[in-house]
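Pasting the structures here.
Each of the two complexes below includes chain A, the first together with chain B, the second together with chain C.
Right, the complex of A and B next:
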């Protein structure tokens, strides 16, 4: 379906300009899409590895935790973990991947205590099980990976959205706008040619009439 | 002052009757073989726990049942014991737990529901004391410790300090009390508990990669294994612990526990053996007719039974393999 326009030369020029613009946009967007997908694939692979790793470690940590839970009364366990030795401060900035603004986590562990070397274990040893140590240790060691995973996963999500959007734009240009413009241009050219031919015939006819009268 | 031992006649008789109702090994095995947490509870409902089990709305509430049972048993033994103050020493552990909870809750500015109502000091009094910084009613060293915590925490804000100070003062107090009551039996029990805790702490500290200075801070006082000896083992590989301590009475336990710890990286065996060791120690006094031993033994047996039930229930609800549960089940006192 073509665009409804007056078949004038002015209109034709305008449309031609729009067409070149659309084609240029199409090419650019296509490049953008390809690059996005490339970035996306890199991140997705990283995400997959990270996630598998983290899930494995987490489930191990949880099963250890379960065992610690089994050998300690609920009250003792809760008491042991009541007051954390470390707090985490999280600062979120942006990182630009192909003009997609993904979050970047900057985080730092802070000791709640003023002693610099306070351990990650906020409890005493007499009333707690050693199985708790192991689960706390695992949990604390996967925290950095967990943060990275969160970062990567969000980036992947945002990239996926952006790819979707870009692809829709590329398709709209490729299958709708550009064909329409082309059709309309063709229509106007034909119309113009037609009227040109009409004018020509009329001219020849008039010439004949004039010549016959002489 | 010499005490007429026959004053124990009634309470020991009572305990003899109660002992027969402790859960035996085969009962735990049936629980482990049960298909689910609910099934395991059913096995439990054939025992003394029947009444408590029927009151449970949900399997996950079994912890309430165990807490209630613990309180009942302590109240009972304290009531029937001719010298309740000696039984109270065993409840001191719960006072210390409550203190830890209260201190942490105070510094965090939160309310807590983690108190265990088994201790010797009334919970409201304890709460009041901690909140108002008024420790006048605390027994002996505990008051000093409470004040120390207050000072130390405000400077360092390290929650571990709370636990460490209180654990140490607990065992110090226990040894003092055992001396005051002139009870070699209680003293023996506490010393063994201290030694076992210290051994475990040594391995844990090594595993955490912390140094001897730290170990020095966390070891409990008054153990039979000299602290210097333990501290000197910090920098040596775990294996050397086996040889270094093979002359102590804990040799077998250390060898098996440490080996398992090295191979599988879990402390479960060591902890089980440690509990079994105490059980064995208490069993020796089980058949004394007029003495404190059977009462203490029964209390311990009950604590172990509760621990075992917890292990089985947590294991069953979370579908741990039967093996994992079995290797953690403590020997029963029977």
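Right, the complex of A and C next:
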């Protein structure tokens, strides 16, 4: 389908300008898409590895925790965990991946306890089970990876969104706008040529008529 | 730069341990309760929200919405019964969305 226009020379020039602009935009967007996909693939591989690792570790920690819960009375377990020795504070900065802004997490542990060398265990070892220790140790060792996973996964999600948008635009330009412009340009050129030929034949005809009269 | 908080939503058995490492815990038992605490956390100053897959399965819509936003980051974690594979499934979906075909997990599936 072509765009409805008046077949004039001015219109033709305008369309040609639009076509070059569309082609330039198309090329740029295509480059953007390719680079986005490259970045995306790097990140998504990392995401997959991290997630597999984290899930494995977390499952282990949880199963140990479940054991601890089973061997300890619920009240004393809750009591043991009531006052954590650490709090997490999170600061968020932006990272720019191909003008997709993704959050970057900077987190810091702060000790809440007044003791100087506070351990990760908020309880004494006297009335807790060893499984609880293991579970908490695993959890606190997995925390950096958990935060990294959060960061990477967010970036992957945002990138996927952006890639989809970019791809739509590329396709709209490539398969809709540019072919239509080209077709319209062709239509106008043909129309113009046709009227030129028409004018020429008319001139020749008139010349014949004039000559016959003399 | 303001500081953000980290939260975890899940069943009590799974998330109690998170308390010791300084993550705020929000134990819930039903998906309705999870939904309301998730909404509450989103409106407050939380940067990262961990949620167990079991609950996330029923809150798919809102989590998908949140995933498009800059913050917070909603991260699925397995619960004490083990992983359901939703987290991995999500990565797979992202790949399909971005590239159109699943090129990452082809060998397994």
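The definition used in the following text is that the second predicted complex is superposed on the first by the 211 of 214 C-alpha atoms of A that agree within 3 Å, B and C clash if a C-alpha of one lies under 4 Å from a C-alpha of the other, contacts with A are read in each partner's own complex, and residues count from 1 in each chain.
The working rule: contacts are C-beta pairs under 8 Å (C-beta built on N, C-alpha and C of every residue); 3 or more make two chains touch, one makes a residue touch a chain.
Since the model is a prediction, treat every value here as computed from it, not as a measurement.
J.: Given the alignment on chain A, is it a clash or a fit between chain B and chain C?
T.: fit
J.: Of the partners chain B and chain C, which touch A:66 in the superposed model: first, second, both, neither?
T.: Touch partners of A:66: chain B and chain C.
J.: Applying the document's definition of touching, compare chain B and chain C: which contacts more of chain A?
T.: C
J.: Going by the contact rule set out at the top, does A:8 touch chain B (first), chain C (second), both, or neither?
T.: neither
J.: What is the contact status of A:147 with respect to chain B (first) and chain C (second): first, second, both, or neither?
T.: Once the two structures are laid over each other on A, A:147 reaches chain C alone.
J.: With both complexes overlaid on chain A, does A:129 touch chain B (first), chain C (second), both or neither?
T.: A:129: touches chain B, not chain C.
J.: Examine A:84 and indicate which partner it touches, taking first as chain B and second as chain C; both and neither are also allowed.
T.: both
J.: Classify the contacts of A:76 with the two partner chains as first (chain B alone), second (chain C alone), both, or neither.
T.: The answer is first: A:76 touches chain B but not chain C.
J.: Is A:103 contacted by the first partner chain B, the second partner chain C, both or neither?
T.: second
J.: For A:158, decide between first (touching chain B), second (touching chain C), both and neither.
T.: A:158 contacts chain C only, not chain B.
J.: Looking at A:20 after the superposition, I want to know if it touches chain B, chain C, both of them or none. Which is it: first, second, both, neither?
T.: neither
J.: From the overlay on chain A, compute the angle at chain A's CA centre subtended by chain B and chain C, rounding to the nearest 10 degrees.
T.: 20
J.: Of all C-alpha distances between chain B and chain C after superposition, which is the least, in Å?
T.: When the complexes share the chain A frame, the smallest chain B-chain C C-alpha distance is 7 Å.
J.: Considering only the contact definition stated at the top, list the common interface residues of chain A for chain B and chain C.
T.: 66, 69, 78, 84-85, 121-122
J.: Going by the contact rule at the top, pick out the chain A residues touching chain B in the complex.
T.: 66-67, 69-71, 73-76, 78-80, 82-85, 111-115, 118-119, 121-127, 129-131, 133-134, 137
J.: Give every residue of chain A touching chain C within the complex, in rising order.
T.: 36-37, 40, 44-45, 47-48, 51-52, 54-55, 58-59, 61-63, 65-66, 69, 77-78, 81, 84-93, 101-103, 105, 107, 109-110, 120-122, 135-136, 139-140, 143, 146-147, 149-151, 153-154, 156-161, 163-164
J.: Looking at the complex, which residues from chain B come into contact with chain A?
T.: By the definition above, chain B touches chain A via 63, 66-67, 93, 96-97, 100-101, 104-105, 107-108, 112, 114-116, 155-160, 162-164, 166-167, 170-171, 197, 200-201, 203-205, 207-208, 210, 214, 218, 220, 265-268, 270-271, 307, 310-311, 314-315, 318, 320, 324-325, 328.
J.: Can you list the chain C residues touching chain A in their complex?
T.: So the residues of chain C touching chain A come out as 1, 3-6, 13-14, 16-23, 47-48, 50, 67-68, 70-71, 73, 75, 77-80, 82-83, 87-88, 91, 94-95, 97-99, 104.
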